[in-house]
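These notes open a run of structures that come right after.
Shared between the two complexes below is chain A, which pairs with chain B and chain C, respectively.
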Partner chain A sequence: MGKKLLFKGNEAIAEAAIRAGCRYYFGYPITPQNEIPEYMSRRMPEIGGVFIQAESEIAAINMVFGAGGSGVRVMTTTSSPGISLMQEGISYLAGVEIPCVIVNVMRGGPGLGGILPAQSDYFQATKGGGHGDYYCIVLGPSTLQELVEVVFLAFDLADNYRNPVIILADGVIGQMMEPIEFPPEVDISKLPPKKWATTGAKGRKKIILKSLFLDPEKLENHNLHLQKKYKRMQEKEIRWEEINTKDCDLLLVAYGTAARVSKKAVAVAKERGISLGIFRPLTLYPFPYNQLKKAVENGRAKGILVVEMSLGQMIEDVKLSVEGIVPVGFYGRTGGVMLVVDEIIGKAENILKEVM
Partner chain B sequence: MTWDIKFDFETKFKEGEIGKMMHEAIFAGFGGQGVLLIGQLLSYAAMKEGKNVTWMPSYGPEIRGGTANCSVVISDEEIASPIVDNPNLVISMNLPSLEKFVPRMRKGGTLIINTSLVDKDLKKYPEGADVFKIAATDKATELGNKMAANMVALGALIGRNEIINLKTLKDSLKDVLKGKGEAIIKLDKKALQLGYDLAKEKA
Partner chain C sequence: MEEIKKDKEIKTLEDVVTHYCPGCGHGIVHRLVADAIDRLEIREKTIGIAPIGCSVLIYNYLNVDFQEVPHGRAPAAATGIKRAQPDKVVFTYQGDGDLASIGTAEIVHAANRGENITVIFINNAVYGMTGGQMAPTTLLKQKTTTSPYGRNANIAGFPLRVCELLSSLDGVAYLERVSVSSPKNVMKAKRAIRHAFEVQLAKKGFSLVEVLSQCPMNWRMGSIDSVRWVDEVMSKTFPLKKFKDVEIS
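Now for the complex of A and B:
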């Protein structure tokens, strides 16, 4: 780790991507992530990389397809409406198994929505989004230090699994500043070779990257192969954080910015004599179903409060995890309205009154 | 949508609650007054002094011609949330920001009001608040550029509540204002010192 630097979240994403070996960036401007293409437009030419402001998000994601198919580390970034436009491309990337990193700095929806922070794209990111039986690995970082580490991790996971990785950030993470330390820079020349990539067929058999399988059995087999990969991710890549999960009256479950506000609620509630814990998933796909269930079984929490900057999306995975062994309540604000610590505690108190 | 939550304002303003753990600041004014910049300067200085810090701007559409603000959290411990509900430090560069943020202040905080642009007095200030009024825009104009009013106000805040060393703030200017030229850095240093001295004088 190097020296501490004061960075804005969006610029940290861009710089971390470059240090993780990304030399190809394609994007289209949208608030609240505009500092990323701005930063890339300045830095990429300095290091011999490629920055292209595409004519649309649809073009950008297909440029990612082309670059990723040739085996390089590639990234695109956008915000919620832009991700919707990219869904066709993301489905193709997943189908063809092209590694890439896609960052969604979420804003309020649906439709054009607003420009302020939200977490209302959870379903879209974790349950597919585009057509077909596929998953992207989805990472939901909470602090800016975790964000830069997650960018490095995202490129590694994408390459290891030949799969698109989505970083699900939000307007707070994109716009805020915090001191960070970058992990050591990745030497691109030392990355494992990608024998499947279309690098020019001179002297070897040609490689075709495609998602079209007109023979139903071949397509089913391809899907079974993808499912095996998703199973491997579920076995190996689940990441989460637990704070005070054993000795708490009520367990908060939150990710990203909502988890930060929840952590503050835990501290304030403690001073008021209420014992709260936090279970914070970092991987939203694969989701820590068993880990959350174990945390509830091994602790004394009498209930769960899911906290989201949406009107209730991750709560469905939380309910699937705990299978009714404790009641699951919800607190969320949306449209860019920020979560309020006192409201989290008020809601927690209400649930505790009901179950005690 | 309604929220079945009762606000417990009594508890919220209870002495000492979370107050001892950290400083939570909101700097607010018109877009263009440099309130985001003084937030960044304070954040950078806090980082230099080895503290944990977060800075979060308001980036809504209200920035255009309306009000702008930023939240800064400084703590010796890990910072949970960068979102500030109840600040203990407020710099109010214009009237709308005074009316918006002062009612949300914690008990016993520090409030700096730019009287050059705020000609109205609030009926009530939070209990135990240290309210310091300074004609920041006029003082900056006397120094040669009214744009340094933000620095006068920040200097005054540090004069009333030394959460950061004034020298660290001054030393941070060259990093935060990289590429802005020596003249501006020199002026801002003077403005920080002036605000600090005036606040100390009337302490």
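Now for the complex of A and C:
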């Protein structure tokens, strides 16, 4: 590992992508992630990479398609309304199995919403988002150190599974500054060749990257093939963190910035004699359903409080995980309003009162 | 004059049965693209982008690598391919719904960036694949399944002239409108398509050939009447012309 550097979240994403071997970036300006295209527009020409400011997010994601289909590491970044425009392209990328990394620095919605941080695109990211039976791998980091590591991981996962990977960050993560250490730089020349890429039919049969299957059985088979891949992800790629899950009265479940605030709440609650634990999913798809259930079964928590910067999205997966074995409560603020530690503790106390 | 090759002699053309309707222009244009790729000996370094439309299956007919992308987005995907592989030859093949309606932003901006790609633009004045609805290129008074009383400018605006529109952009190197309505016009189209690829090979910037192409099925005409309609009616709104050509040194 190198030395610690002080970075702003958005710029850390850009620099981490470059160090992870990304030389192609296509994007369209939108707050709160503009530092990423700005950084890329400076850095890419220095290292022989490509930066293009696309005419829209629709164009950006299709540029990603073309470059990804050429076999290179490629990234686009945007914020919530931009992701909505990209959904068609993401569905095609998933259907054609083209690897790429997509970062959503979430802001409040719906519609134009606001420019302040939120986590209200969880459903859109983790349940497909566009049309068709597909999933993207979704990663929700909560510190800048984790963020840069997740960027490296995202490129590897995208290549390994030939699948789009979404990094679900929020405006807090994009805008805050923290010291970070970048993982060792990836040597692009040592990455495994992508024999499926369209590079010209030289000395081999032509390659067609497509998602059209007019024969229903062939289309069903293609979908079954994708499902097998998603199953493999569920078996191998689930990542999460547990803090004090065994010996707590109540378990908080949160990701990203909500998990940071939840950690603070755990410390403050401890001073007040309330024992809280945290279960923090890092992979939001595949979601750690079994792992969360086990954490509840193996601990003494009498209930769960889901904490989100939305009005309740991940809570649906939490309820699916615990299958009613403990009550699941919710605390969330949205629209860019920050979560309040005292309010988390207050909600936790209410749940505990009800179950005791 | 150049000899005319038999289909079987064109290496880039696959030996398969066509799915196009009798008299359709797509098949002729596929052959011209294949012929150009052969003559320029670029088959092994060419990547095509298929549109959404009747010609989505173009990859069944041409023996080159292909990507199939969302409706209208081919110029954006072509940008991604060309930027990642600048030494390859990249072309899109797009209908008028694909290029001139849903994909207007992508074609204008790819042209304006001067992307060093080639676009083969098939103008058949209707949406073929979805059953003959009005296209942006549908002529005034032309009847389609969504302009049953004839295209009325007060309701549906005017036929969009893509070459005229793009000709003001500095990034454009070569623009020509041709047709495949007669042997003579086919030969002109053949030269234009080959030239468009030559412009790309010379790294001169964006090249586009618009081909007025018959759709007998949705024009509700026989093959002979269709080619006559191209010559006598369609090319009045869309004059056959070279709009722009940078010199290739």
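Please note the rule applied: the second predicted complex is superposed on the first by the 356 of 356 C-alpha atoms of A that agree within 3 Å, B and C clash if a C-alpha of one lies under 4 Å from a C-alpha of the other, contacts with A are read in each partner's own complex, and residues count from 1 in each chain.
What we mean here is this: a contact is a pair of C-beta atoms (placed from the backbone, for glycine too) under 8 Å apart; a residue touches a chain by one contact, two chains touch by 3 or more.
All of these numbers come straight from a predicted model, not from anything done at the bench.
Visitor: Per the contact definition in the header, classify A:D342: touching chain B only (first), chain C only (second), both, or neither.
Guide: After superposing on A, A:D342 lies in contact with chain B but is clear of chain C.
Visitor: Is A:R260 contacted by the first partner chain B, the second partner chain C, both or neither?
Guide: A:R260 sits against chain B, while chain C stays out of touch.
Visitor: Tell me which partner A:R272 touches in the superposition: chain B (first), chain C (second), both or neither.
Guide: first
Visitor: Pick one for A:G312: touches chain B only (first), chain C only (second), both, or neither.
Guide: So A:G312 meets neither chain B nor chain C here.
Visitor: Check the residue A:I115 against both partner chains and state whether it touches chain B (first), chain C (second), both, or neither.
Guide: first
Visitor: Under the contact definition given at the top, report the residues of chain A touching chain B in one complex and chain C in the other.
Guide: Residues common to the chain A contacts of chain C and of chain B do not exist here, since the sets are disjoint.
Visitor: Across the complex, what residues on chain B touch chain A?
Guide: Interface residues on the chain B side: 3-8, 11-12, 17-18, 21, 40, 43-44, 47, 52-57, 59-61, 79-83, 85.
Visitor: Show which residues of chain A lie in contact with chain C when the two form their complex.
Guide: Those in contact with chain C are residues 24, 26, 50, 52, 54-56, 58-60, 62-72, 74, 88-89, 92, 96, 198-203, 206-212.
Visitor: Could you please specify the touching residues of chain A with respect to chain B in the complex?
Guide: Against chain B, chain A makes touches at 4, 6, 31-32, 115-116, 171-172, 175-179, 257, 260-261, 263-264, 266-268, 271-272, 336, 338-343, 346-347, 350.
Visitor: Where on chain C does chain A make contact in their complex?
Guide: 43-47, 49-50, 56, 59, 63-70, 73, 76-85, 88, 105-106, 108-109, 113
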